[in-house]
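Two complexes, one shared chain (chain A), two partners (chain B, chain C).
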Partner chain A sequence: MADLSLIAGKSRLPNIHPAALVAAVFLLFYPAFASNFFIFQVGAYTLVLGTIALSLMMLAGYGGMVSLSQLTVAGLAGYLMAILGENSVGVMGLGWPWWLTALTAILAASVFSALIGAISVRTEGIYTIMITLAIAVAFFYFVRQNYVIFNGFTGYAGVEPPVLFGIYWRDPTPFYYLSLAVAAFFFFAVLYGARSTFGLSLQAIRDNPRRMRAIGYDVTLHRIFAYWLAGLIAGTAGVLMVWFNGRISPGSVGVDIVIDILVIAVVGGMRHPIGPFIGALAFVLLENFAIDLIDRERFNTVIGLAFLLVVLFSPDGLLGLWMRIKNALKLKRRTLPESGGGQ
Partner chain B sequence: MITDKRTVIAAAVAAMLAGPAMAQDDSVKMGALATLEGAFTVLGEDSMRGVRMALEEFKYTAGGKKIELITGSSDASPDSAIRATRKLVEQDGVQVLVGPLSGSEGLAVKDYAKTQPNVTFLNGSSAAQDTTLRDPAENFFRFGTEGAQWMAGLGEYVYKEKGYRSIAVLAEDYSFPYTQVFGFLEPFCRLGGEAPADARFWVPIGNKDYSSVIAALPDDVDAIYVALGGADAVNFLTQYEQAGGDLPLVGGSITVDQTVLGSKGRTRDFVIGTPSAGPISDTWDDPKWQAFVEAYKTQFPDGFPSPSLFAHAYYINTKAALLALDEVGGDLSDGGKKYREVLSNLSFETPTGMVKLDERRNAIADIFLTEVSEGPDGNLLNKTIKVIPEVSQTLGVSYDEFLKYGPVSRENPKCG
Partner chain C sequence: MLRTDALTRLQSTGQYALELEAVSRHFGALVALADINLTVKAGERRAVLGSNGAGKTTLFNAITGDFPPTTGRVRLFGEDVTDLSIHERIRRGLRRTYQISLLFDGLSVVDNVYLACRGASRGRLSLRRPKPDDAMTHAAETLLDAVHLGAERESLVSELSHGQQRQLEIALALAGAPRFILFDEPAAGLSPTERSELIEILQSLPTHIGFIIIEHDMDVALRVAESVTMMHNGRIFKEGNPEEIENDPEVQELYLGGGHA
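The block that comes next holds the complex of A and B.
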């Protein structure tokens, strides 16, 4: 945002909402007062899941393409980290330096995403969902049954981030800041990109592809490029995901997790890039603490009900709920002084 | 007013974030981790019954301290097991943890245990070999035995008593069946039996259609060794029977257990006489086992007709944790160092005989060789043929010798 205002030539700092400032300060100083569990498993995991869901939000919110294979893209990047880099399983593990591995993994994931795009962009709505779901399921079964490259059911373990500048990047606080940096970068990139020429034409294509085609835009190419960008986001998040878990196996790219990502994006809200992160936070908190609320075998029901209620009462997710409450408050505040004025 | 509310919320959040609530001096926090979601939910629920049985037996107190039980759930994937474990240890602050249930989960939790040297981990029913055999963790204990041990005596039995010389293998494709196939074939092949690689069939968990496998099964083998669990076993047996298959079977530890034998249909007659082996035997007439079954039935009328090997494994590990707590007087103030020393040397009487640990903290215990037979009221039961005493993880040879066999896999042992 700051860069943007520099380019624009005048300071836009006063335009920043105080809530955003509070959130930024909170996120920056979060590790100072939270426990390791809250830094790593709640904080960092939320940011990683949120970034994967962000790539879905970008495609669905701005491009109108609901792709269920974003986790698959992230999973491919994770697998490549284990295959090209180092792992403790004794299969593959080519031992490339970490930066080359990460770069290759992210680029390969983005190309994979663009390919998925090339296959699916000529379809609309439910058919896009079907095709991308089919790709996700095919990938899941492929890695489960391929032993030469993907090591089958067992997958890979012992995938570690590098020790850099004397810091072990999997320690809670460093990993949190790493995830925060990546998440923030892509968050602002999506925010900025949405107002760029490309972002605006993508949204126009979402609203009326036929008209855009008629005035000379290459609709297909725009969409595939959007998939490629989303692949960069998902691929980077996939690298973080495998560093977070230290391992990757077919279970990490299974259909249930694919659905989790969709749930996160939908519950958070598809209108604004902050939505996926709110959704991820709600998801991670429920996943961790629902079992304490209802200490029996039924805690998954609580998770399901919570999400059902959100979607039922606010089709725009938690973000929409917040907007509605805010608007209602504003309306109240505006009406109150008027009536109190006693004309 | 708004700021007031915000302060309250902020304070509440800060209090929540501030980390694990310290256990009170008069209680010990114990975690139990099992699969309460996903494909193995039913097995996970029975595991929790085992934990509660042991706690009930001790009236939820050990070493003069109250035991506070906190449960965690995974879906049998290593990722979810680690997340649940981390929550129990780092957020809830458990000092002793019992779990997990499934093979690959155990390997992951063992790795995590190394990063938490002050917490004591006891395995649930996870039965992969390398959890304790290679690169073990100092603070990870397994008082239940593992998949290769469960097969003790079965290879010799089918070679010598049944006279089988060549065998086809059908198993699910992951670490636990690998361990079982290894445990069964190793002695069988050493005696001279054959199980060529092209007669081994590996299917994914949850496979429904076995027709292609059945068509590919060779005719010139003496029997089929089947290591499938739950619904997979039922599906295969039904389809094999319908296809007119007539080869005798040899079962893995969870292939002909109560969940499969209880199913309806003609499969029942077909599996009579199938030999198998495992850590428990439904009909063992030892009074301690009978008392255990009775206690299970009274406490959990809605459970299985007889406790599963999952309830059994969790029961034994929880009991070991409580016995050791008793011995140290509930004192874990030194990060559990003394406690783990007591655990390492612990040996006690379980419903299935004495159990003690080897130097890598894996159990040495009795294993049961069983055969499916018809009970007095028409039910199918596993009849005890033989008890193999004190089976160790290295199956009778030295540790270094055993390592030469190599890690379990689809091709280990080679065998013909």
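The block that comes next holds the complex of A and C.
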């Protein structure tokens, strides 16, 4: 451990934590030793859910705006993939090339997100949550009742990623790497962006919007821009989500999953972009394996209890719990040698 | 340089930095400001005095747009800014500090000042990290030294002492070429040493920067201001130079206490 930190300390990137290096190597070589189920249902799904939750973490953790419509934004991108591209239902399916469909879906989702932002940014706290929840619920009922464009209750099936470079991208390993690339791109983008001028200003708006106005910032514009960026992240994850499921229906954008995304972000921790991915992993593992612990009908109780415990003992999620343990260990290590006096 | 020349010209033509015309502010039935007419010349330093509830901070809020006036007009360097939003007034050179420090607690001291410098310039939405040789980063460093916070540049705001937070509050108002500043009780809660540092900072401001200072500490107010406006019950009660105000029997009766010699 000490040697690793020495290597990290001497490298050109002194801020890389040894644990991050281990995680990166693990993620890269994960398909080499994991089964298809673990690669696809656990690995890839964690990355997709984590990316959607990352868009919420960016808004809530850095911007202080808890938006419950991030899954809705992802859902719109998913629907557009089926509507503009190809599906097997025989409704819509305009047959656009996959890249144009994906690009349009992501951009449309980001504009939709910015519009949600424009509606909700004048509110704060619980009112933001209420407005964005209302938008999510409205979207759910809209797509369920609209048969002309969204094919109502049934939704769409047969939405597949392209065969590119001779690879079928829905196979577990290619899809895992695709999800990993997207997740890593947005993870590092958010990590970098947090220290950018806009990232700093977003955090300052979270801390004190009134003061931000008094030093020359258009707080409303900044918040809407943050929603637009979060829409790019959620929209891209929405494309992956529909490729992962192969289908999309009102159930994919229902309130239960909207809440799941919030739970993932809160349980993981909103202070660092890694939080949503930790939360997503915990969620996916519980969702898949809680059934082994308890009756099928009661596995939601296990999930609920687990999350209740995390939030109860660590309001800033698993990430906060880890930071506290680390700080406690560091403190112990520091106080032990000095207990004899001196400094 | 151009800006300074333009300001010198403005001063010589007698144009005002700030003009309030029949400004009133009501909160329901409460009249916090009533028919305020006030002019401050470019580069002038004015103290606003008055007891608690006299309407001093409401006056600042009306000028900045935090609480826009119910009636009346506000002009900044000749331009009517009554209908402009807060940030647009700030970009025209207006700055303010707050009675209770309003800072960005989760950010470092240097990031606070960097954002304030950036706020009055371009690139506010930039997704790139500021480079070490960025002009705004330099401006922030210089400003931190000027308010004696150079050693605390990387500290989180929440870790600063009250006095240091007040100094940072002032640094945020001085960032980005201000033309006119509203100081709302900058000396509140400061130690005597910090007070004299504050006076030094205010006295050493470039002469083209005018300001209004609300201050209960008469020593601070009268040492940095060349003119005084007394407020009472939301109205302007008296205006004059510090000596006139200090020796005015009505002011002594009302504000300094009847026994003041």
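Going forward, the second predicted complex is superposed on the first by the 323 of 343 C-alpha atoms of A that agree within 3 Å, B and C clash if a C-alpha of one lies under 4 Å from a C-alpha of the other, contacts with A are read in each partner's own complex, and residues count from 1 in each chain.
Please note the rule applied: contacts are C-beta pairs under 8 Å (C-beta built on N, C-alpha and C of every residue); 3 or more make two chains touch, one makes a residue touch a chain.
The structure displayed is predicted, hence computed values, not measured ones.
Applying the stated contact rule after C-alpha superposition, one finds that A:Tyr217 touches chain C and leaves chain B untouched. Shared-chain residue A:Ile291: touches chain B; no touch with chain C.
Look at A:Phe188: by the touch rule set out above, it reaches neither chain B nor chain C.
Looking at the complex, you find that chain B touches chain A at residues 14, 17-20, 36-37, 41, 45, 71-73, 75-80, 82-83, 86-87, 90-91, 104, 107-108, 111, 173-175, 204-205, 410. Those residues of chain A that touch chain C in the complex are listed here as 192-193, 195-201, 203-204, 206-208, 210-219, 221-222, 225.
Residue ranges of chain A in contact with chain B, taken from their complex: 33-38, 40-41, 45, 141, 144-145, 147, 152-154, 157-158, 245-247, 249, 251-252, 254, 256, 287-288, 291, 295, 297, 299-300. Contact residues on chain C toward chain A in their complex (touch as defined above): 64, 66, 85-87, 90-91, 95-96, 98, 102-107, 111-112, 114-116, 118-120, 123-130, 172, 175-176.
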